[in-house]
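Chain nomenclature is as follows: A, B and C, assigned in order of appearance, with residue numbering initiated at 1 for each chain independently.
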């Protein structure tokens, strides 16, 4: 139980900062920055909780999350001119958040006795839909629908975690393996500019 | 119970294909196409389930839906160049989906002991909000808010179904009557280019 | 209990009219106007109910709300040419709605035994997210994220209400004080064109 909470908090910090940075690029006011930070960090988990009927949703029951998001947003606002020089470094932060959220999502879905495929879907929703909601609130087509392959990475990592913990591996090992796979594959994907096979290639030749 | 499931599956297929086609028009990647197909087909029912507190939401409890959506999306991607020549034919598919979803939505709302007006609203939500969510995710004003009259058709069909089943007609007859009304009226509406009476007419004369 | 219902109805009317006016500015059809009016007036409370698991959501259990919204929307459509000359007066209406919704939201969250900070957040969500959903459906960045300070006013008013009712003030006094604060501060904010301190000032000097 406790390890899940720590995972959630770490993911919350990294997502709140990335949300606040996006909101500042959109020139939103302080309230807007705070809401986008909140939605980016708890949005995916909130949607997961609503879909499985786990209410009141997690972040409302643990003030730590709310304070952590307020703090991270404040830090992001104050140090924003420094943060923009370290965006490349922040990428790692974001990737760790994705890995942590995917695993936490799969764990919660498994605890709700759902089908393995649904568990992986819920892990992916936990990791990706905070960003989807952020993009919708900022009036853009969600970036993961046309760029970036991190949803695919979450599906991969979530499946590996589920398979290895079902196969009897200790929790900590299963989490470590799945987490490393997500972090490594996503980093490689961005460095090597991997993208999903296009379904439009034939049209290009016209 | 079983008939409701069959209805849901048929609607799911037709909506998934129409969602995938929309996503491909927007040039989304494979993951984006899959998500838009999923949201278009289960979005309305998911919103209905969340609003009445029926969780975990339906599609998570029946893997058939998830597999059907994956399959329909795959078919839509592979045969997309053929599908675009039969868009007019796909319209019937879509209309049947709308009819089926409306009736299933009214049935589920009735089973939850809600007021008849709310049941019709929930039937309409089941049929229409998958498309609304699809348009929001694709960053457009939902088409049913300014074109198309199919929400009105759902309200009509849902009311007829509710009235006739309350009046004691056998389920199958009530469903057939309401379904035919939705399919016929929507087809007529599109062929004859019916639209809702405009509230802006007076402004045109200026 | 009853006072909460009356509060909710008053807020519902004012929000439905403001929603319908926005939809008419976007030239939506009658169905679109009705949905935007509905979403603007019940959207915040619906999101609050979903987040805390209070389902079926409030407006479905009390047909008064649905009829009131239908009626208010009809009035807004019929008298729209008059309403546009009184937009400044409608502002008061809207502000009263915000005050009423904030207090009702805090009351419902308190009844669900949530942490005071979460109660204030839920009061603010009740008052502001109808407008956020309205803007998303109309394909705009929600206005409260970059203009207007009314979310801040809700946070202030909600906190005052919670503090004074916790401190033992009679409900009616606590509501009156918090309501007046919200109405006065928001009116002042608009008249004096207050906005949140910008976090971008340093960039202006470049």
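For this structure, a couple of remarks:
Just so it is clear, contacts are C-beta pairs under 8 Å (C-beta built on N, C-alpha and C of every residue); 3 or more make two chains touch, one makes a residue touch a chain.
Since the model is a prediction, treat every value here as computed from it, not as a measurement.
Considering the contact criterion stated above, the chains in touch with chain B and with chain C alike are A.
For the pair chain A and chain B, the fraction of shared interface numbers is less than half, so the two copies use mostly different residues to meet.
With centres defined as mean CA coordinates, chain B is found 30 Å away from chain A.
For chain A, the set of residues touching two or more other chains reads 50, 53, 136, 139. Chain contact summary for the complex, chain B toward chain C: residues 50-53, 112, 114-115, 117-118, 121, 132, 136, 139-142, 144-147, 149, 151-152, 195-200, 202. Put simply, chain A touches chain C in their complex at residues 23-24, 26-33, 35-36, 46, 50, 53, 55-57, 60, 63, 66, 77, 80-81, 136-139.
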